[in-house]
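What follows is a group of structures, each given as structure tokens.
The same subunit A turns up in both complexes below, where it pairs with subunit B and then with subunit C.
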Partner chain A sequence: MEAFWEWFRWLYDETGINFSVLYDPYNREKFAAAMFVTVQIAVYVLFITTLIGLFGVWMQRSRFRLLRWFIRGYIELFRNTPKLVQLYCLYFGVSAFLPRFDDGTGLMAPLIGAFTWVILAFALHYGAFTVEVFRSGIEAVPDTTIEAARALGMTKLQVYRLVVLPLAFRICLPALNNNYVFVVKGTSLAYAVGINEMLYAANQIYTLDANVPEMMTVLLICYVSLVSIFVAFMNKLERALKMPGYGT
Partner chain B sequence: MIRSDEIPCVPGPRPPPRGTDLPVLLPAAEIVARRAAEERARGGSTLRLRARHGVWLFLAFVFFSGVAEARTGVGGPFWVLSTLWKWSPLLAEGFMLNLIMSFLAMVIGTVTGTLLGVAQISLMPSVKNTSWFVTQFFRNAPWLVLMFYVMYLVPFQFRIGDIVIPFPDWIKATLGFSLPVMANVSELVRGGIQSIPSGQKEAAESLAFTRRQVFWMIIIPQCVKRILPPWMNLYAILTQATVLASIVGVTEMVTTAHEILGAEYEPSLLLPLYTYVLLWFFAYCYPIARWTMHLERKFAV
Partner chain C sequence: MFRKLIYSSLGGMLGLSVVAADLITTPAVANDGIKEIIERGVLRAGVRTTKKPFGYRDTSGNIVGIDPDLLQDMADRLGVKLEKVPVTGSNRMPFLQQGKIDVFSANMNDSLKRRKIVGALLPNSYAVGFNIMALKKDGFKTWEDLRGHTACTIQGSWYIKVLDQDYGIKAMTFKGGAEAFTAFEQGRCRARIGNDMEIWFRIQDNPERYKDYEMPLDSFGYSPYSVAVPLDQKDKALGRFVAGVLTEWHQTGRFLEQWKKWGFPPSPWLEEMHEKFKDPLAPAS
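== the complex of A and B ==
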């Protein structure tokens, strides 16, 4: 491995092509950490957005009108406004109204940090879409199937757990897959509020080492491979969970 | 001569419908699957704007203005509204840049994307595989990263002999936006062409149309109908995405809004100003979204 890294130092000495992120251990660790942050944001957002989707669809189908109105308002609000504006509104707007506390060094730290805001903003944005996805899946299960299950003596909960949800999940999996891919692709926007993710770290490295073309290429390849791996994994999952004989 | 459908057949059970074991799930589930496939090709969620969204946005604007008015308490009544009015020409200038960028990026992306999409169904394996790879590469790269890439790697001017062609930052951002648009259009075109039943092509071929004629006279006219609604939706997504250019400092609408906030030095102006910007975008995207929905219904099979 060391020889591999050293080869890039040799490349720099010989040709001037400066992949400092590969041969300089400091930059390498910095970029690896940033890559980890990107993955972290993606995983957190995926998790929270799924929770929001599940709770949202449950609330949307509840008997209480207030809950239904609330979730509808939420979907309409977060679905139809740009993500960047939501992020700015939460990070600069709402954050300003929250109390600050002394962080022990005498500085006044905000109650919720930038990292948490980013995750919150992204999760809320994509959560609105996830609720819609789950809803479309549940609604696609025909009433007759539910009635048939009820006629077989299943309780309401059993019908949900054993009939509706498994079918709904597999129906909406392609749409859910799309949504998840958008989440992973969208993490780069965290740059806008100065999260130390890949784009940000790349920016710092090429500012110091003045190797913009090389660094941008590394960045692009990293992002494309990250998303491609995720897409390949999700497509595999989609094929594995496909209902036999259903669709093309 | 006996035609095949005249041969008396043995009565028996009807063959099961082909393609599915769960015919009962078909109609609703198929819509979900079709939407997902379309969304995947377009690389963005469908924009479904309604008139009531505009009303709510306007109410939010009024509410935030009221709050800001109450918090500042200086500058007389309607200070917020008059301030926004004062800066409106500048904001409009920024918005124009958003529109020009979206328009140009769409034109470039559509032309190159169509070529790439057609190349994806080429009979030559090398052309087919290369165009597939290019499409997937730019589809999987985040818009922001592609924009940064073009922003920093394209020089700010080209020199051909004595002629210097300047390349301002907004043109570079436009090029950056046209790359993902190209990939998504390519995928839309490929999907559109492949969605035409093969019977159409075979029928045309049996009527002695050449491959070129089949493509231009049979496939393309049907394709355009299918591609148009998602293509327009892509344009609406692109228009919204042009605000990303503010991150690299192109003086479009959101950058202008930032500068106004700096100039006014009044933090409570933030929310009214942003909702004001949103109202502009809504006013522009709403007719497009409505028209898209109309076309979708009109072309629905």
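== the complex of A and C ==
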């Protein structure tokens, strides 16, 4: 392995192509840690976004007008404002009104840290889209199917759980995948509030080593690989859940 | 008679041609830059207008500060008037190249790259280092005291790696200075690392807001600033004259006086320069 890293030092000495992120152990560790943080953010956000989507779509179809209004307002607010603005609003704005506490070292730290804000901001942003994606799926389930299920004596909840949701999920899966890819790619914006993710680490490295083209290439390859792995997994899921006869 | 006429016209032609040849081949004499200034009676000098205290507009709109004082001294010695031309970070070098100004002292970091474009002179005029803003109650005295703590700063600052490796200071970086200050004041990090002049003025200009804060450490990583003349004038009379004034300002301690006048904390960099250029025969004071 060491020889592999050293080859890049040789490459730099010989050609001036500087992949310092590979041969410099300090940079390598920083970038690897950053990659892990990127994955972490993506996983958390994907999970919470999905929950928001499920609850949101349930509230959207609720009998209570107040709930419906609430979710409408949420979607309008978070779908129609830029993600960076939302993140700054929460991180610098809302955070200023929350209480602070001693973090154990004598620093009066804010209640919610940068990492949590990033997860919250991204989850809320993409959650708004996910609600709409799920809605598109649910609305595509034919009324006749629901009526047939009701006629078989299923309760409303049973119909929702056993008929509507499984169907809707399969229908909206492609749109959902799209949304999820945005989530994974969108993690790069966390660098704006000092989260040590890939873009942030790359920025640190290319500032010192003046190798912007090389670092951009590395970033590109990393994001493409990350998203590809994720998409491959989702495609597998899509195939496994394929409904016979649907969409043919 | 006729012969005389021919001779005299020949002589005249010869004389003319000598003058013409002289006009064509005379290289720019070593003092053309300075000669032009003296003939014009005006030294056109580029200064900043937004960099308190180096060059800024006072309440009545006049450009004042350390740079204007330095340039005024140069104009006085040449016996000409000083014309202060406002410049920005991006147009100061083109202005020199285009001959719109004769000299600038405009808060420019010295660098080898810039020395290829303008005649940046030695000695450097002054230098800005890095320091921290921290809560007084934290009582930081040395960089070592910050070990293991997080510090807010601007993305891409060169010292981040050095501070991490030497002192184990974890950087939390932001797009701009305002965000970094806000994050620091909101308690996301223990200190705000930045340009010492910027931190100093922030505390001075907002005494109420920053009454619990201080700039407690010795600055490090000084980056020297340069006064510049056009590149072709660097080693001619103009360049040597400006360098001479700069040397004298270090020697006599005028830069140190300026520091005192503006209420800055003492600058080790300036003191070192003062020491370097000290007159060895001066009676000890």
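Criterion: the second predicted complex is superposed on the first by the 247 of 248 C-alpha atoms of A that agree within 3 Å, B and C clash if a C-alpha of one lies under 4 Å from a C-alpha of the other, contacts with A are read in each partner's own complex, and residues count from 1 in each chain.
Going forward, contacts are C-beta pairs under 8 Å (C-beta built on N, C-alpha and C of every residue); 3 or more make two chains touch, one makes a residue touch a chain.
Please read all numbers here as calculations on a predicted model, not as lab measurements.
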Subunit A: partner with more touched residues, subunit B or subunit C: B
Which superposed partner A:76 touches (first subunit B, second subunit C, both, neither): first
Subunit B versus subunit C as contact partner of A:11, first or second or both or neither: neither
Contacts of A:96 with subunit B and subunit C, given as first, second, both or neither: both
Subunit B versus subunit C as contact partner of A:85, first or second or both or neither: first
Touching partner for A:224 - first (subunit B), second (subunit C), both, neither: first
Partner chain(s) touched by A:136 [first = subunit B, second = subunit C, both, neither]: first
Contacts of A:199 with subunit B and subunit C, given as first, second, both or neither: first
Which of subunit B and subunit C A:39 touches, first, second, both or neither: neither
Which of subunit B and subunit C A:26 touches, first, second, both or neither: second
Interface residues of subunit A shared between complexes with subunit B and subunit C: 92, 96, 191-192
In the complex, subunit A residues that touch subunit C: 26, 92, 95-96, 100, 105-110, 113-114, 191-194, 200, 203-204, 207-208
Touching residues on subunit C, where the partner in the complex is subunit A: 137-138, 149, 152, 155-158, 160-161, 165, 172-175, 179, 182-183, 186-188, 190
Touch list for subunit A against partner subunit B, complex: 76-77, 79-82, 84-85, 88-89, 92-93, 96, 129, 136-137, 139-142, 144-145, 167, 171-172, 174-175, 177-179, 182, 185-189, 191-192, 199, 206, 212-213, 216, 219-220, 223-224, 227-228, 231, 243-248
List of subunit B residues in touch with subunit A within their complex: 19-22, 24-25, 28-33, 35-37, 39-40, 44-45, 47-49, 53, 56, 136-137, 140-142, 144-146, 148-149, 152-153, 240, 243-244, 246-247, 254, 267, 270-271, 274, 277-278, 281
